[in-house]
């Protein structure tokens, strides 16, 4: 039964990704103007545009391009970036553009995850152990305030204080490519701090809510009535049952760290994948946009699949759906 | 009496300059003291620069980081399609041109050691430098020039400056180090046009421009479009080698983040400082603003071939409602000058028409004209293509609403703007960088029938004047012609130019010797070869 | 939330018919009450904001207003501190911050609210349809929904705006659509839970029609959790629209919305201007208040659906 449920889940993910590919392809095709417009900019003429379009192969019908793209995708070939091309010159391979950006994105997401997951879960646990206490109220109000203001404000205030006023940390997360160890961590510290603040606030709230939720369920109430110590209840009985929902929240946050941190990447000039996709949209470099979007969606789908599997495994009832 | 005062001021400045050169007073004190003498900040800045150049000699070494304002996957190393400051900066590291625009808009020979016109400027002869090598070790010769120049010719070329060369009939090789440009009509501005970044010389037959195989002062070691590029000094450069050991070029698109990066010391040079952040840089330690008067402007195009722009009264109304002084004061924070509804600012020197009175803010006249036009509302397309353009349009909208005219602003993204909106929507905004000569500026934007005549205002007299002006050598006559052209545009075209912006860049105090050149950011993007870093 | 704050307004169960669900009165804590106060305040401002604002949102304040005796003839008007002329100071163009916040309440709250409504209309309809409909319908709706859900919201917003421009109707429809995907998930799973409950089984056995089951059994049982979810979703939509504004894709100028006000005045932060902080404060008071109310409501209604269904 368990294996069957997992296989079903994998199949579902696969179908979802196929649908995603169609949506992305259609969506990006709707963008007005094309890469030739962008390359030539203000100084384009109809003749030079036509010549450049022909050179870039932009004159094929969309469905032909879709199937060619999908076919190449399966073989791992992401194609060529159009934007860097001129007449008599070819663009960069998209994989070459994406790999360093993806590494950067994963680095940042990794650092944020390593700090925020244990931090947030323990704070969430702490708050839920003493609901209504001063510490709970402090945690609740702080996290509430953080998730209630725009993330760019959080970023800007941190920069103002830590980089511009105190000069402790660099104001941008610029990477020369030669950084190692401590240098690398230092360069990433500002965006990491910003994202840890935001992500932790989300996870803390969810952890607290989930545990309190389970605390009000009949079997826990039973345990309370039996006079079992509250801490013991949480540790022994409640925690295992919170795995499903909490893993889900963590997965959503990790997916967000891969694809949704455009603003933090912009504020800190961090060369991550989300910014690359935005640049791709702005330059109408469709193969690049499609490749980035597929990576984001695949990350999301896969992470959620893993989260679902974790909850299937941790909760026997889900293994046998009615 | 007034003479005396000026004389005294001059003396004071001299002594202050000396004190600064000797290191007795620092940069901020110098600026403060000069300011107290009643001198504007940008002038004081150039005084300071002159002082410092006087005091110091270039030093070799150091690695410099520069952040431009824009980049993306469309960053180019192919000169003919370059359109942004980051591309231009890279062009100046990797390549050379035939001719070079140096300090204060002086034309100097570069790969062409000599350039001479025939008597009526219809044939130009270029004698080329000998012993010049490309980065890959191959020799530079006339063939490379012919190949590079031919890429700008023909209808189908994507060259963004092909309009500059529409009068060129052919490029002819005379011998291995001599070429001739044969023209259909006289062009005394040809060398100036050849100094443009897009006219840099590349190796004959190049297909992969990403390597940046030129003859320039730095070699490209890595080029990642939309991320960064690395350059190291070309030790085999054909003239005095450049000063920096290495250069890193990147962009930080968020204006606030860019300024933060300069102040925090993460970058040595940043381009395009937002007017509102100038004060912040000026009040920070170790960094300063490099402000250069320029012909750059953001304006409003009213298309003359369609409603409502073809209505002269509507255009007049829009011109009279411009509170030019306030735009320069409040929006540009003094880092610019008022425009007079034509593109030639005072930065073009003698070619600017001082005789033409500047149109003043006059809501009554505006109201009268707008009433007469019969329009009570209009829609203007705005993208942030130029410094201050969005804000000045908001001011215009607010002032128009006070006289009962409803201007709707349709804000559109910058990307795709040039293809989808500019020269298409009846009322739109435009930005133009300064061009090397007044004639090339006027010709590209107002030459009748030109591809980028963005108000579709085709004036026969304008065309005649542009042609005559190119063949004219008498400075007085040239000035008169320029004046007539500026007056024509001011009175009859569909162009609203309320202001010109300075080029404002942020510079670390360690970086010295940035050339004064208003054609682009940070010394017209020519800093890599000439600037240096103090220890 | 805190237990000791509970006011005791006991249920009046005896007044009700024996088989009706017990009517419960929500007891708000102090923080909940503060939340209600601010939410009511902002609702008020949506209605009357523009009439009580000292200036128009588009007005560049005249330089003459800022002249101090013996001072400059043309004083700066931008980033001015609070004064009699502008109670909350001025923004980067010398416009009155207070007026722009008051006008902005209408745009920010209006757009977000309508977008949230739209998200609910779409999400709940399709979500319930997926829950009660055939397996095939559920499967296809869910896969499409997952696909849309997997695209980062901000990227989706960016592409849509780049494709069709940013006007208020487009902002609303787009945001509503993007957030409908997550509402769909919630509504579907709530609906499914109810569908497998014993009382629905019983109704089916009784031979009740699908429509009867939806309106009498499912909807009443999902209303409460959806209402709390509505509050949170509304907050996210406000922040989402602010993020779009940050990337330069918000409402059309000179209209003010709080997100773009923060963005356009960020440059004042290093000068110690409060211009970027005031609109942030407006956003925060509203979003925190909504969250506080939601906290109270969900604390009241207990966590688990099954609890409420007894």
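Order as written gives the chain letters A, B and C; numbering starts at 1 within each chain.
Criterion: a residue touches a chain if its C-beta (ideal position, glycine included) is under 8 Å from a C-beta of that chain, and two chains touch if they have at least 3 such contacts.
As the structure is a computational prediction, the values presented were derived from the model and not from experiment.
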{"item": "Centre-most chain [mean C-alpha coordinates]", "value": "A"}
{"item": "Furthest chain, CA centroid comparison against chain A", "value": "B"}
{"item": "Rounded Å distance, chain B centre to chain C centre (Cα mean)", "value": "46"}
{"item": "Centre distance in Å when chain A and chain B are each reduced to the mean of their C-alpha atoms", "value": "40"}
{"item": "Chain centre separation (chain A, chain C; CA means) in Å", "value": "23"}
{"item": "Shared-contact residues (touching 2 or more other chains) in chain C", "value": "162, 266, 269-270"}
{"item": "Sites on chain A at which at least two other chains make contact", "value": "31-32, 156, 164, 266, 281-282"}
{"item": "Chain B, residues touching no fewer than two other chains", "value": "256, 413, 415-416"}
{"item": "Parts of chain C lying in touch with chain B, wherever the complex brings them together", "value": "58-60, 63, 74, 76-78, 92-94, 161-162, 165-166, 248-249, 252-254, 266-271"}
{"item": "Complex contacts: residues of chain C adjacent to chain A", "value": "1-4, 143-144, 146-156, 158-160, 162-164, 196, 235, 239, 242-243, 246-247, 259, 262-263, 266, 269-270, 276, 280, 283-284, 287-288, 291-292, 295, 298, 302-304, 307"}
{"item": "Chain A residues touching chain B - in the complex, by the definition given at the top", "value": "31-33, 35, 37-45, 47-48, 50-52, 81, 83-84, 86-92, 97, 100-101, 156, 159, 163-164, 167, 170-172, 174, 176-177, 266-269, 271, 276, 279-285, 288"}
{"item": "Sites on chain B touched by chain A in the complex", "value": "65, 67, 71-76, 78, 80-81, 83, 151, 155-162, 206-210, 222, 224-228, 248, 250-254, 256-258, 260-261, 263-264, 266-267, 413-416, 418-420, 422, 451-452"}
{"item": "In the complex, chain A residues that touch chain C", "value": "12, 15-17, 19-20, 23-24, 27-28, 30-32, 132, 137, 140, 144-145, 147-153, 156-157, 160, 164, 209, 212-214, 216-217, 255-256, 259-260, 262-263, 266, 274, 277-278, 281-282, 289, 293, 296-297, 300-301, 322"}
